[in-house]
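One structure below.
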């Protein structure tokens, strides 16, 4: 165990995989100077500019080249800088990477990792703040990871790199500085589709992922002060998502609240709430609930930005209401 | 009233709006020869090549130019040919068209219509068959229309052209030939967010849109033969969607089935099912249910393609089960 | 080989008329000299990225005509098990990494395949075919720049048939053309009469020589003509009267025949090649028609390892 | 004007240090001659599409410095009501249609704005600024081709400061540069010393003259230098030692001053301009600091008419 930031945990994961497997390589704008947040600091020096490479400002080529390089046996890790810029490469991700294996009848494997940081990061405004994980969960062929902790950012990035499917890997920009214990084991892998119980509780189940997990945990803390024990589940990956664990928890608590930072309308919370309602509808103590952002772009000024955040208090209020 | 095909209804709508408003224009690949399905047949001849214009194979420019031309006061209608190709222009649609008005503090209006035909069309395979309406429903700033009938394809396309918001306008390729009565009134507009009751019924509510509405209607017909009266609701637009009418219907029937052609996981059916479960969870006679495609790309061979279709029989089976 | 491509497509068009080829097909009839001239310089080890109009590329790269015909009919035994069809045909065994339904998308993928070759210090190359319409898509710029910046072993081949679907490409394309654009992006380019198989062969030899010598990417602009419509179903009435007829003398197969005859090859010999090709394709067609469709559960196979619909469909 | 831009950004950088400018800002210190030289030939009627590094463009187009400073601080009275910030600043009143957070995205938007001008047979034009890094993005190709095909009144201006964020653009760009690419796509191009405001002015005059005469799009490649880091927070340690110092003599403001002094203008007069600019920006800064943030409910305003979150947030 070592105490690492979320950022350094991701960096360590990539460094270990680069060292372990000569077919792993990373490419993206500015990686030679450490990447825009420093997630790649020192890696070009260690592994050389061919293995950790700068790229032109060509998102379509970054992703498209990764598809070609993945189909021919290497394991590219591509950096999109902000998930918003990955929108410049959607054909390459959705029509090419996600479908190649299927449409070529199993001849292709596309083992690539698309790192695309998500989320609000103070005053980054409408084009640098989006969380579009539900989009990729909707696309057959893709795996979607949204780690919330330093340990997961290590174990899941390593798992993503070793995985033979294309993985959309969404780190949250607001978590870069978060520190915690991280296993040193070079084979520490967090499997996709296994949720983490952040905190146990029998009164209600709160499901979340990415940075919002910490808001949910803070809400559960506050609820405990009121005598309400909420179980907090961090999904970690949203495709696949740990349906079994969520259903088991809600079967026990009878109450589900899903909360995420993304827009609520057609967000992945809808999928979870719908699934739970379908499967456990008869046994719920109270209807399922969702909390996500209003359907509005993210604004620059702090009060405007904050208006679309799902706060700890909103979660506390929702669960309290569900307990009535 | 005139009997028109879905395709000709759309063509008439555009022709009428071109005639009515000199600021309306259309652009896309091959429009000068009528467009890939003939939806533009004759329009260049009537309105000239500036008003109904060919475009280079440059989806990003088609959509991006439309953003610029819409911000400066014209009303472009852009043709993406297949919704799959619109994935080459997602930055332009999502980061630019959808957000310009908000991020510029209300200075911009982006009155553009993006026509992007969706859906399976025999053996079109993985890159020409997608239905991604739930993606755009998730994006603040966008209106999303999915007409199912010739009349709606006229009235909604006209409404989309007159609307000051960017509208993602998704015609279904399998409906081009469908004929029905269409109002001649040049001001016949179908407002967004008003669902159409395809058929009344008190036992269950089936919600759908686009081509799947016809499958749902056929299922309701079959169910009626078994003595089950299902109400079929065609949402027509999925953003906004007619929550009131759906909630009112389900409040009456106590049963909801949503069915769509798109992938079920994170499809817009999840939003509807989740909303109904949240609002009416306590009053449902049976848990909400969804039917959508499995999370797999669309294959070329007929049996492989058909395996991901939601059939009339699947709907009948689901409703029958819900009645037990 | 030109005869084999022509025969394959003629038979496939009959398959369309017979309603057994179900999806759209884009015949390359009239354009056969380009893939044949290029692919003669490539081995099975080398890689190919193709387009919606890729039958000729695929066959020339060494794919089995029988497997291709099965694929066009969506049958078991197709290169992609019937799941891809004409627009997604691929044969990884012979280095054919896929047709593509998205114009221009293959250009960046090809750059990436060449990037992997460089990273692995392998001794092979990539050829990437696309049409004249594709040079107006962003990935053309991004992919060529990428290949030049990283000095990758890739040959870009622009098959310029003058049309983008129903549109005359020239009306929607500014500047001096594909080769000028390539040069401005740093990729040396050669222009060739794409209906002269010997000229294509010679140009490809030179360009591929440079690529194999490690000089980075090269570009071939081949002028040709699409004798049929854009798809098998397109009557192509938008073409000026007489245009197709005026191109008759320019048919690459006819020209090659003339060259061979002039060089003393017997007409019967050439005709025998054509007859053999037709017989091969008829047999392939028969085989495909007799083959079953893949079973429905193939819909859930080869989607992905993690979170596969084969485990749980919804 | 150059002094005003410089002063605005110096004060904005202080705002960043004071933690009242909250989002990232991209100063154009050292690049002021390009917008000033170009915008002198444009009127309020003409349109402008800008970039992440757009303060200079915006001010030169006629936006109020006070409103801009309010916007940078996210306050009421900002051009976008505090909802856009530096990267989305816009002032439609003066024809400034927006900065853009996505590199290269403004190029196709500019082509469209010019397309609308042509359709409406208006007598105005569009200028579109972008950096040297943007020429590697697909929309560069698609937008230039579009403008040339439709012969649109747009001036593309590539502000070449040698860097794309922390990367030397030359290391990631193949070929002979922006002007060569533009020409190959059919857009006539001129190269200019972008730190010589008179040279920019002269080149812009010529190009804009052609555009206004209906000759279609033109391209200006202006070589310049970014004195600061990529953002206000970037120490730019990746630059070779001495590089910034070596550029000191090349500061467009210093060079213009030398020219003015040589032409007999009194130093005091030039200094007074600088002082006035600073005073203006200090006042703007004071005004912005004193202004309130927009209220939270602005989050739901101006999203859309149909299906607006102001009616129902979820």
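Order of writing sets the labels: A, B, C and D. Residues in every chain begin at 1.
Note that in this section contacts are C-beta pairs under 8 Å (C-beta built on N, C-alpha and C of every residue); 3 or more make two chains touch, one makes a residue touch a chain.
The model shown is predicted, which means the values in this text are computed figures rather than measured ones.
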Any chain touching subunit B and subunit C at once appears in the list A, D
Would you mind checking the shortest number of contact hops between subunit B and subunit D? 1
Quick one: point me to the chain whose Cα centre is farthest from that of subunit B. D
Centroid from C-alpha atoms only, then distance subunit A to subunit B, rounded to Å. What do you get? 30
At what distance in angstrom does the C-alpha mean of subunit C lie from that of subunit A? 39
Between the Cα centroids of subunit A and subunit D the separation in whole angstrom comes to 35
Roughly how far is subunit C from subunit D, centre to centre by C-alpha average, rounded to an integer in Å? 44
Contacts with 2+ other chains: residues of subunit C: 80, 82-84, 88, 100-102, 136-139, 142, 145, 149, 171-173, 303, 307, 309
Among the residues of subunit A, which are close enough to touch at least two other chains? 55-56, 58, 60, 84-85, 88, 91, 95, 102-103, 125-127, 140-141, 239, 265, 294-297, 299-300
Going by the touch rule set out above, what shape does the chain contact graph take here: line, ring, star, complete or other? complete
In the complex formed with subunit B, which residues of subunit A make contact? 84-85, 87-88, 90-91, 94-95, 98-99, 102-103, 125-127, 132, 134-135, 137-141, 239, 262-263, 265-271, 273-275, 277-282, 284, 286-290, 294-297, 299-300
Listed in rising order, subunit C residues that touch subunit D in their complex are 136-142, 144-145, 148-149, 171-176, 180-181, 183-187
Give every residue of subunit C touching subunit A within the complex, in rising order. 47, 49, 78-84, 88, 90-92, 97-98, 100-102, 105, 107-120, 138-139, 142-143, 145-146, 149, 301-307, 309
Per the touch rule, the subunit A residues reaching subunit C in their complex are 23, 25, 50-51, 55-56, 58, 60-61, 63-74, 76, 91-92, 95-96, 100-108, 140-143, 163-165, 192-193, 239-240
Touching residues on subunit C, where the partner in the complex is subunit B: 22-24, 74-75, 80, 82-85, 87-88, 100-104, 133-134, 136-138, 164-167, 171-173, 238, 293-300, 303, 307, 309, 313-314
